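In what follows, chain A forms one complex with chain B and a second complex with chain C.
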Partner chain A sequence: MKFKVTKRGLFITVMLAWPLIHYLVFGLFLQIQTLLYSFKNWNPYTGKQTWVGFDNYISAFKSMANDGVWTSAIKNSLLFIPINMLSIILSLLVALVLYRKIPFARFYRIVYFFPSIISIVVVTMVFSFALNPTQGIVNGMFDLLGLEEWKRAWLGDTQTALISVFVFCIWAGIGWNNVILTGALQRIPTDYFEVGKLDGITFWNEFRYIVLPISWSTISTLIILGTSGAFTIFLQPMLLTNGGPFNSSTTVALEMYRLVVEKNSYGLAAAYGMIFALIGFVVVWTVKWLTERFETVEI
Partner chain B sequence: MIKERRSIGNKVWMIVLQILFMGYALSLIYPFIWMFINSLKSNAEFFQDIWSLPENWLWGNYVEAWSAAHIGKYFFNSVWMTAIGTFTSVMFAAMPAYVLAKYKFKGSSIIYGLAIIGFLIPTIGTFGPWYLLMQNLNLFNPLGVMLGYAGGIGFNMIILYSFFKGISWEYAEAAFMDGAGHFRVFAQIMMPLARGGVVAVCTFAVIGIWNDYFQPFILLQNSSQYTIAVGLANLVEIQKYSADYTVLFAAMWIAVLPVLVMYLILQEKLISGFTMGGIKG
Partner chain C sequence: MFKRFMKLSLLMVLVFSVLAGCAGKTKEQEENGAAVEETNKKEEKVTLKVAFFQGGYGDAWFKWLKQEFERENQNVTIELEGNPKMNEIIQPRIEANTNVPDIVFVDESLMRKWGPAGKLVDLSDLYETEKTDGKTVAATITESTNTAMDVFGKKYGIPLAQLSQGVIYNVKMFEENGWEYPNSWEEMELLAEAIKAKGIAPLTYPGQYPYYLFPFGHAAYLQYGGTEFIEKITNPTEADIPGVFEDPAFHRTFTLLDQMFKDDWIMKGTLALNHTESQMEFLRGKAAMIFNGAWLENEMKDSIPDGFVMKMMPFPAAKDAIVNEPVIESITSGFGGIPSESKNIEVAKKFLLFSSTDEANRQFTELTGSSRAFIYPVDGLNVSDFTKSAMEATNKYKTVSLVFSPEAISDSPGLDAFGAIASRSKTVEEVIQANVTAAPDKWKENQKLINSK
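After this line comes the complex of A and B, so read on.
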């Protein structure tokens, strides 16, 4: 077999070279490393690596069953799936209402998108200040309303910390989904709505027979991203509560990050990574399969 | 009669909607205004009453945040990192996107598949190997952060791919007839024709990189290299102990103001940049 160097072939090679190298190193190579790491152990003092077989997996499964930190992390990460779905549903409702050009619709869209363009550091900081036990807006309002017994250390209370993180994710996340969904709605030809209106279509039927089938590809993408996002979320709890108090608001990804940065347990972290990548893979593909059962319309 | 009742129902419905929508909007805006008001107070005044207007407007808090808290320096770091990061990330996404969309060759669908698979496997375990790799390559510095942005095969590529797909190949053929090479056709004809997609992807990149916290937080060890997001998070940690909240509020406002102004001027373009991109599964 003989290769001929053509200008065309050279062009394709040059255009693809860097992106492929980057992908091979930061995608493939790191994935393989993760697999190898999961069978190794690091001596915390000398940094020496030794092969330990399935030891990491055994201790990972043990602590997933017994260790309160991990059971809490797994429960919380899984709870992020319904929370992300709730956020998508609320965003869709917002998008549908704003699409009808109610008064102030443009103002609302601009304001709701605001948390998406400023740094998560700022948004979490603003939110945690609003919830500050002594100087915060929320408790201050309860004071003004005479509802002192409602006051709480929201982010420092095991009963409310996780809920506060969830509320944050929805509060700050609606604008982003809303804009993506608005884009999908705008691509629906307006005659569809006009014909519907002439037939006296109800809001629900319009939603069911026009909006949902046509923008389903966008909605299902958001659903899939929301599902896989549940397994990788950690910045929000890290910046708001640092997973506390007493690990009540920690997530799987946050605990893995801690294993690496705080304990240098690269092997154990990699074993968890493999386990959750596998679980996540199965869940995400199941959701993807489910969303594809739904009838869609190409326009 | 029925019609009248229906329109009253609609009106009530509309008022309820407006209250809900306005309430949510205020919950997003008011904390920022509250922080601005309190950023002009002395710390003692803030602890006395969180609702009052400042007795004396202490603009000195802003001077202190800018100089003592180095927000000015971080701001400059963020500007150049965002500029370079946006350019490289969009270029390295456009190159494979164009080749995959317009040239047929063995393995092209595999490369496209790589980008899709990236979304569907939640990768979290790679953090440890990445951490050690970056350490071994001596990349705990701005160069390492830049390298992270210069990927290419991923989300941006998929968006640009669909834009290139939609451009007629006749433009390129005409240029080839005139003796233009492949690179020239790409840079001078196809990239400008895909303007809409390029602008949309640049918007994603600018916002994403300006706000990126995690990679710079891990990789930037020297405080003189901090970006504004990392610097601000660091300031939050420091102020937790010294409890000098009003200066912290001022620092936060300095960090937000340029983005806020840019957003208010460009909001129409920014939001349409997001909507036109069109995420599809």
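After this line comes the complex of A and C, so read on.
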């Protein structure tokens, strides 16, 4: 069989080449390089790389078991999975409420979406201003309500720093999920709701028998993204608390970032990267398997 | 027809953009190559490329250097390339030998990385060469700067700036209340109580970043452990591990820190604050003093209230101190070096010497409000009182700076000691225990790393 070079063929090849090359360089190549780095040490004084076998993995597992920084980081990163799920549930609730055509529904949708279009640096700044221990609106409100004993340095207290980061992630994440879920809800034919109404269906049953089965494919996608996203969160804690106080709000991705940027430990960071990629893969696959237990209704 | 036309034109645009990109590069490369050849042939017209980190010091000083150096050396043209991200973007360029400048002014950690790797010209001789003002570099730097610039017995750069970090206090508040900056830690304790009695917090610092507590810690290491102790932690031998980490000096330092938090010297909520937020609290008079550095005034220049006066001071010592005098931390920051790939090494050396003369150093201070890492006269300089106070403190009092040798495993190998104490997560004993336990393994790992070839 002979391939004839046509203009159309050339055009398609060129068009496909870009994403393919991009994937090969920034996807595949970097992954392979990370894998290779994880078996190497980088001498910061000579710039030489040496093969060290599983040394990096051994020190990684050692510190995952003993080092307070890593135990805290792993715990916090895993906690982000249920937090992301909570964010999806809340987004679904918001989407359902706004779908009911309440007054100013569009306005609220935009307001919820705001944190997604503003730079994360600005959003975290606004959030930390609100939680500022001396001038923040949150402590100010407690003052006004006479609840002075509730006031605290939200981002500077080992008891509340992580919770504050969680609240931020939920608050900032609702808008994005909401837009996607609203799209899914709008795909549901209105007849279904009308028939339901004629039958006197309750809100809960409508949700269970109409909304959930039809929009399940969207929801399950969000669940999988939320699970895998938990392992990559680092900007939010870095900008809000810098992982502190004393590692109480750090995450695995933030610690890996620090290994590279602050300590130049490329090998160790790469080993952690491989370990968490593996753990993440297992966790995400399990969640994917679970979401597939529920069937999506095709319309 | 229209569709076909659109497809065709799209393809053309794509193909041409790719080709144009290639063509542009080749042409540029050719031009560069030609320029190098030309300079080699005639040895008169030289273009010196100077790449620098354009951070807090801006670019005014480099522009001044360009102007003055070009005036004195008519055959030289200086090309300045300043970038706030220079520390990152210069790394692949130096490491892959592409688009290498003749001089770099970047972070000093890169000097320690590139020097032994053969990416920088050895400037050890340059330290003994006379500058145009008749002095040598070696004779005009402090001992701590000299140690800071040493990389395995060689010098790969000349120091750029010097950052002093100590206690900055609100001068007006002190005057109004009749307080004086203490000379001893015992007086500091009395002062803190007096400030607290007024309903003001004695101290604050950027609590999100425990390293703002380091200058206090480093000064205390010197005060309660002496110079041998500093030498032991920055340049330890195997015999020192892990014993050095339970030295009484660590105990004393961490206990003093612990006490400050226990006695409410530190403003409530400080741990939640980043640098600007905590500095704002200080400027608003919510705290009388702040642990901070010489850059504070420049960093907050838009927010300093009218008539606000501040001054930098060292950390006073307690009665039981071995080095019983106030100490301030002075860190050498940034370096100027010549990449080995430079085609104009001799001119570049001349430029580095030129940039280190008394006149250039004075210009640096006037234009950036910061101190050059050299000893030079500062009288008559048009700088703020705060900058003067910071420079005076560095000149007048004992200075400390921890420059760790490659073998060293930091002053706290087990955990973030300062963060642990500040957040009330660990007691002093627990911190010391954690360091003693972690040290042997860290030592082994580090020796293995630095000895890998």
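One rule holds in what follows: the second predicted complex is superposed on the first by the 290 of 299 C-alpha atoms of A that agree within 3 Å, B and C clash if a C-alpha of one lies under 4 Å from a C-alpha of the other, contacts with A are read in each partner's own complex, and residues count from 1 in each chain.
Convention: a residue touches a chain if its C-beta (ideal position, glycine included) is under 8 Å from a C-beta of that chain, and two chains touch if they have at least 3 such contacts.
Because the structure is a prediction, the values reported are computed rather than measured.
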On chain A, do chain B and chain C fit together or clash when superposed?
clash
One more residue to check, A:R8. First (chain B), second (chain C), both or neither?
both
Quick check on the superposed pair: does A:I89 touch chain B, chain C, both, or neither? Answer first, second, both or neither.
neither
Tell me which partner touches more residues of chain A in the superposed arrangement, chain B or chain C.
B
Under the stated touch criterion, which partner chain does A:Y45 make contact with: chain B (first), chain C (second), both, or neither?
second
Per the contact definition in the header, classify A:T34: touching chain B only (first), chain C only (second), both, or neither.
first
Just checking: does A:V282 make contact with chain B only, chain C only, both, or neither of them? Give me first, second, both or neither.
neither
Based on the superposed arrangement, let me know which partner A:L290 touches: chain B (first), chain C (second), both, or neither?
neither
State whether A:V195 touches chain B only (first), chain C only (second), both chains, or neither.
neither
Taking the options 257-265, 275-283, 329-337 or 365-373, which segment of chain C carries the C-alpha atoms that clash with chain B in the overlay?
275-283
Footprint overlap on chain A, where chain B in one structure and chain C in the other make contact:
7-8, 11, 14
In the complex formed with chain C, which residues of chain A make contact?
7-8, 10-11, 14, 41, 43-48, 50, 52, 55, 59, 62, 68-69, 128, 131-134, 152-158, 161, 241-242, 244-248, 264
Of all residues in chain B, those that touch chain A in their complex:
14, 17-18, 21-22, 24-25, 27-32, 34-35, 46-47, 50-51, 92-93, 95-96, 98-99, 103, 105, 111, 114, 118-133, 148, 150-153, 157, 181-183, 186, 207, 210-211, 213-214, 218, 228-230, 232-233, 236, 245, 252, 255-256, 259-260, 263-264, 267, 270-271, 274-281
So, in the complex, the side of chain A touching chain B is made of residues 7-9, 11-12, 14-16, 18-20, 22-23, 26-27, 30-31, 33-34, 37-38, 94, 97, 102-104, 107-122, 125-127, 129-130, 135-137, 140, 144, 171, 174, 179-180, 182-184, 186-187, 217-218, 220-222, 224-225, 228-229, 231-232, 235, 239, 252-253, 256-257, 259-261, 266, 269-270, 272-274, 276-277, 280-281, 284-285, 288, 291
The residues of chain C that touch chain A in their complex are 7-8, 10-11, 14-15, 95, 112-114, 116-117, 119, 152, 207-210, 268-274, 277, 281, 286, 406, 415-416, 419-420, 422-426, 441, 445, 448-450, 452-453
